[in-house]
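Please read through the structure below; I'll follow up with questions.
Per-chain residue numbering starts at 1, and chain names A, B, C and D are given in the order in which the chains are listed.
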Amino acid sequence: MSERELTYRAAINEALQLEMRRDESVFIMGEDIAGAPGRDDPEMVDAWGGVMKVTEGLVREFGPNRVRDTPITESAFVGAGVGAAATGMRPVVELMFIGFMGVTLDQIFNQAAKMRYMFGGKAKIPLVIRTTIGAGFRAAAQHSDATYSTFVHFPGLKVVAPSTPHDAKGLLIAAIRDDDPVIFCENKVLYDTSGPVPEGDYTIPLNSAGHPREGSDVTIVAISRMVNLSLDAAERLSAEGIEADVIDLRCLSPWDENAILESIEKTGRLVVVDEDTPRCSVASDVAALAATRAIGFLDAAVQIITPPHTPVPFSPPLEDYYVPDVDSIIAAVKATL
Amino acid sequence: MSERELTYRAAINEALQLEMRRDESVFIMGEDIAGAPGRDDPEMVDAWGGVMKVTEGLVREFGPNRVRDTPITESAFVGAGVGAAATGMRPVVELMFIGFMGVTLDQIFNQAAKMRYMFGGKAKIPLVIRTTIGAGFRAAAQHSDATYSTFVHFPGLKVVAPSTPHDAKGLLIAAIRDDDPVIFCENKVLYDTSGPVPEGDYTIPLNSAGHPREGSDVTIVAISRMVNLSLDAAERLSAEGIEADVIDLRCLSPWDENAILESIEKTGRLVVVDEDTPRCSVASDVAALAATRAIGFLDAAVQIITPPHTPVPFSPPLEDYYVPDVDSIIAAVKATL
Amino acid sequence: MELDRDRLLWLYERMRLIRAFENRLHDDFAAGVIPGFCHLYAGEEAVAVGVCAHLGDDDFITSTHRGHGHCIAKGVPVDEMMAEIRGKVTGCCKGKGGSMHIADVDRGMLGANGIVGGGPPLACGAGLMASIRGTRQATACFFGDGGSNQGTTAESLNLASVWKLPVVFVCENNRYAETTSTDYSIGGPDIAGRGIAFGMPGIVVDGQDVFAVYEAAGEAFRRARDGEGPTLLECQTYRYFGHFEGDEKKYRTRDEEGHFRERDCLEGFRKTVVAGELLSAAELDGIDEASEAAVVKAVEFAEQSPLPEPAECLDDVYVSY
Amino acid sequence: MELDRDRLLWLYERMRLIRAFENRLHDDFAAGVIPGFCHLYAGEEAVAVGVCAHLGDDDFITSTHRGHGHCIAKGVPVDEMMAEIRGKVTGCCKGKGGSMHIADVDRGMLGANGIVGGGPPLACGAGLMASIRGTRQATACFFGDGGSNQGTTAESLNLASVWKLPVVFVCENNRYAETTSTDYSIGGPDIAGRGIAFGMPGIVVDGQDVFAVYEAAGEAFRRARDGEGPTLLECQTYRYFGHFEGDEKKYRTRDEEGHFRERDCLEGFRKTVVAGELLSAAELDGIDEASEAAVVKAVEFAEQSPLPEPAECLDDVYVSY
């Protein structure tokens, strides 16, 4: 029986569609997520479906009241998401690129994230902020960040970064149903990748890790697109008789520390692969977890593979140098052996 | 010969004064940093001298052209600092509390930090952003953060957090003279503390660590006010015969990795004390450094002491629980032995 | 203006209660029993009360760092408020928020806000909820003259305008943001004009006169609920105390303060209703006494309430984690 | 308007060069040789050129994601621009910035900007430098209709107004922000009025007419340099191509496009100067040819230039670290 395949993009679109059908309080907003807002001309409706076409078609089914194009005012519309969530809705807000967080961070960090706590637990903010991460598009320094670490740092937020269409759908549905604010990080380079995606709705716990490959020689903990590269590296290593245990850290906050610790216990070696820059990063957290809670099991120094501490450059050879690649993962694994 | 003592507040004020005297291109701006802007009445001039009184008196010496009170528009005036720096000035901008970063982050993260890189090295941004950090004032969730990790994460920024009046003065002078954007974190709770401060100008390298106490049993790496607590802990431990090597991580980005590594080599034990929240933090970086580059020297699991992964609560017993204390540092040290 | 006796009594009661509450805090702060920052609303009562008079329990407000008056006008019980400000577990935020984050979402009070300009986007969100659901709920968004310069405020004015959200923006122009006079900080002739520029009525209102506020807000909420979109009311008022407790107010003259104290909203109200024989002086005196008593009771409640257990620090971050 | 021959020639030359540059990029993008996002300025030339005509080398501009036209008008060499857009090491940002971050600080071009609303605060900073130093340097701040809704823009208008900064805010209202029409996104009758609300002249200008832009900008820069403060010019214009290359423009009609193409700034200029016998058609044809040739040369320069070495990725983050 052949499983249905969908792209990462279509899987996200389907999750939104299913949740909007299921629950009237779910609505989506963002810049040009439908396109040509305010125009009646049927040729124009859904003119874009989002800059990455992830929300295509939704305005046709749900109309402009629940699929809202916004002016370019991220503070106001992300904040409107927070306010709508505090008053009973389940908004899904699109922040076009994670690098745009700077114009709206206060509404995320000081309002959405802290509100429940400041109010003594007497509010809930069931808000999802969908955003895109990742280099590889030649989109240069302000449109290529993968800086989810910034959000992981803030208490009050949950952060997920799926690497497969299957996880994207299940995590997004879980995020929408969750009563806390969730930052949902979609990797632009993954939108066109395909994989099996069950029909109908299903959820994946927001504190879970994926375990796409088992092995006993070395643990590779990777995030988002770095999981794919790590699996490629693992294939090549396997040919040399080195079996990697690959952990997909799809949930960044909360995170499944035990999945990591159990794997380290098994392998005694740890390589962390992260597309975010190195300082104060999830990669550091994983290494710190090893240093604080698995030191007795480590047979080698931990290896961390990330981009350098630089912004993302534009020119193709520079950008290609910036993003971690399969060779560097393989070299890191070998350095632990 | 008795050394001159100044408060942390006065040391910072003196650094600003000296640099403004020395260099016409240095100017300062922020909300109510003088007070009563636009009023001629001599009784009103310098009505506040900043909410924490750090800039008191400067407007009397340098006038309102170089000591500029701003409207409440952090994006505009921090960005104006970036623009002024790019065009030849050396602005020192006050962001009243680090928790206000959210309303201006884009100008810091996407403009100040990335500009030089995006422009191929053909710009320099000699900007200092002075801001206050730290809990202990019962100032609740939005005015008590110590979230310098957010800035350490971003390539293109330098970040310092002095713990003594001496370092505050020397690092601020260095920051003003530096050609890169520097986030200068002042701990509110330290303003009234005193210590020896040389007259005249001197600088402290922006990539250096302090080493306020030597010891061979355990390394304590601490930041800002946590250095003081760590030194108190070290005193008490010393009474029990445990000698701590205390590293003052006054420079967070760049940082003196070697100072940490050398200490770990000597002691074999590492405790990290940070007032920022734990995820994607400088504390994680220090532990990760140990895991990646000092694993062979570690005789025990690394211990990390930070506040919990929560916003800062208001009520005194809650806030006191939130901030790391001397007892918890001592317990952590003992756990490494 | 159709203001019946009950409504008049309510207006005075609320204003008077705010005044009593804030005066007491002023004293208590000086006595050293109030932790943290404390921004008092005394002097500005007519604004919160004239606006909130139009709101029911299922309407919303967003607030500022100077939020006590908004709370009381919206019906948050003073016992829970006082306990919160003292950091007690019986406080409306269980001691986690304090004065700067005092809130009561169940009563539609979406929180004081430590971030100047933090509230307007949230107000758009409450308005959006009502707009999407097609209810007649309305939201009042309070912010200061200082807050009117914040980009988030401008963005929110525009968003509410283009989406015709049922939000009434209430600028409390009390002439100062900390030490900074509006003469210095406000580009343009007034703040109301910014509303007009963003496509909504922008009206300057005498914020010392609760009747004027009540009337202007009445029309604004009618528009809002009828789907005609937002309004910006610039209410000109004055804070009696410093920016926060401890502020010496060196940036303004005692003369100026006196001038505004002469236009006190409570005094003005009293004169009008007594002269117009709408309420008797005795009735008003009774409210004065009751207000003081309510505040005394609130302080007792707060004082007798326990502090939170330290480890409660760890709770209430997430619904689940 | 005192426009001598040289000035007229300069205006046409610059506009024509922008047009040639952008048309070529349009083709080259379709041919797949341009990496990344590419936002073209064709159609809007009169705005950048009419404004920058008033600026010298030591004046400044801030720009947007749609920055090529601003660069050319400010005098950035097209060779270095084309090399940058192709990611070459000879580019004005050594290939690190690309189209969206093209810059030339030495020529006062403070960078295209990938963040809508990113530029206005920077423009205030350049203005502040001049204001503190007491020079007569001025700054032009370009932003779009979409950018006019961003809070940073409103804050900057206010800051420039209260500090009387020598900044001219130039809103390029090309009727769309991506797919979003100004009918939908702009609260209020126009964008110019926002300037007025923040205390500066706000003027609607025909952005298809370089003479109109030149004249309005002239007075604005005079004010700026004389210490009278900022001005907001809302220049009504139109972009000929999609939001970025690859955009199918489903959100607008071909009719509408035709309407604006009929009001083309280059055609309009040609008609006026030829009819007025200010310049000859032959002179203009010569400029047309020279522009095309300059772009061909720029492409050759770019194509022959090397890519950066991969490890140059690590340079230029800090002056020292």
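Things to note:
We take it that a contact is a pair of C-beta atoms (placed from the backbone, for glycine too) under 8 Å apart; a residue touches a chain by one contact, two chains touch by 3 or more.
If you're wondering where the values come from, they're calculated on a predicted model, not measured in any experiment.
Comparing mean CA positions across the assembly, the chain most remote from chain B is D. Centre-to-centre spacing of chain C and chain D amounts to 44 Å, using the average Cα coordinate of each chain. Chain B and chain C have Cα centroids lying 35 Å from one another.
For this pair, chain B with chain D, the centres built from the Cα atoms lie 39 Å apart. Residues of chain A found to touch two or more other chains are 71, 73, 75-76, 99-100, 102-103, 106-107, 110, 117-118, 140-142, 155-156, 308-311, 313-314. With touch defined as above, residues shared between interfaces to two or more other chains in chain C number as follows: 91, 93, 95-97, 101, 113-115, 117, 149-152, 155, 158-159, 162, 184-186, 317.
Viewed as a contact network, the protein chains are fully connected, with every chain touching every other.
On chain A, the positions that touch chain D within their shared complex are 31-32, 35-39, 41, 43-44, 47-48, 51, 69, 71-73, 75-76, 99-100, 102-103, 137-143, 308-311, 313-322.
Against chain B, in their complex, chain C makes its touches with residues 35-37, 87-89, 91, 93, 95-98, 100-101, 113-117, 146-147, 149-152, 177-181, 183-186, 250-253, 307-314, 317.
Looking at the complex, you find that chain D touches chain B at residues 60, 62, 91-97, 101, 103-106, 110-111, 113-115, 117-118, 120-129, 132-133, 151-152, 155-156, 158-159, 162-163, 315-321.
Contact residues on chain D toward chain C in their complex (touch as defined above): 149-155, 157-162, 184-189, 193-194, 196-200. Those residues of chain B lying in contact with chain A across their complex are 75, 99-103, 105-110, 113-114, 117-118, 140-142, 147, 149-150, 152-156, 253, 270, 276-277, 279-285, 287-288, 290-293, 295-296, 298, 300-304, 308-311, 313-314.
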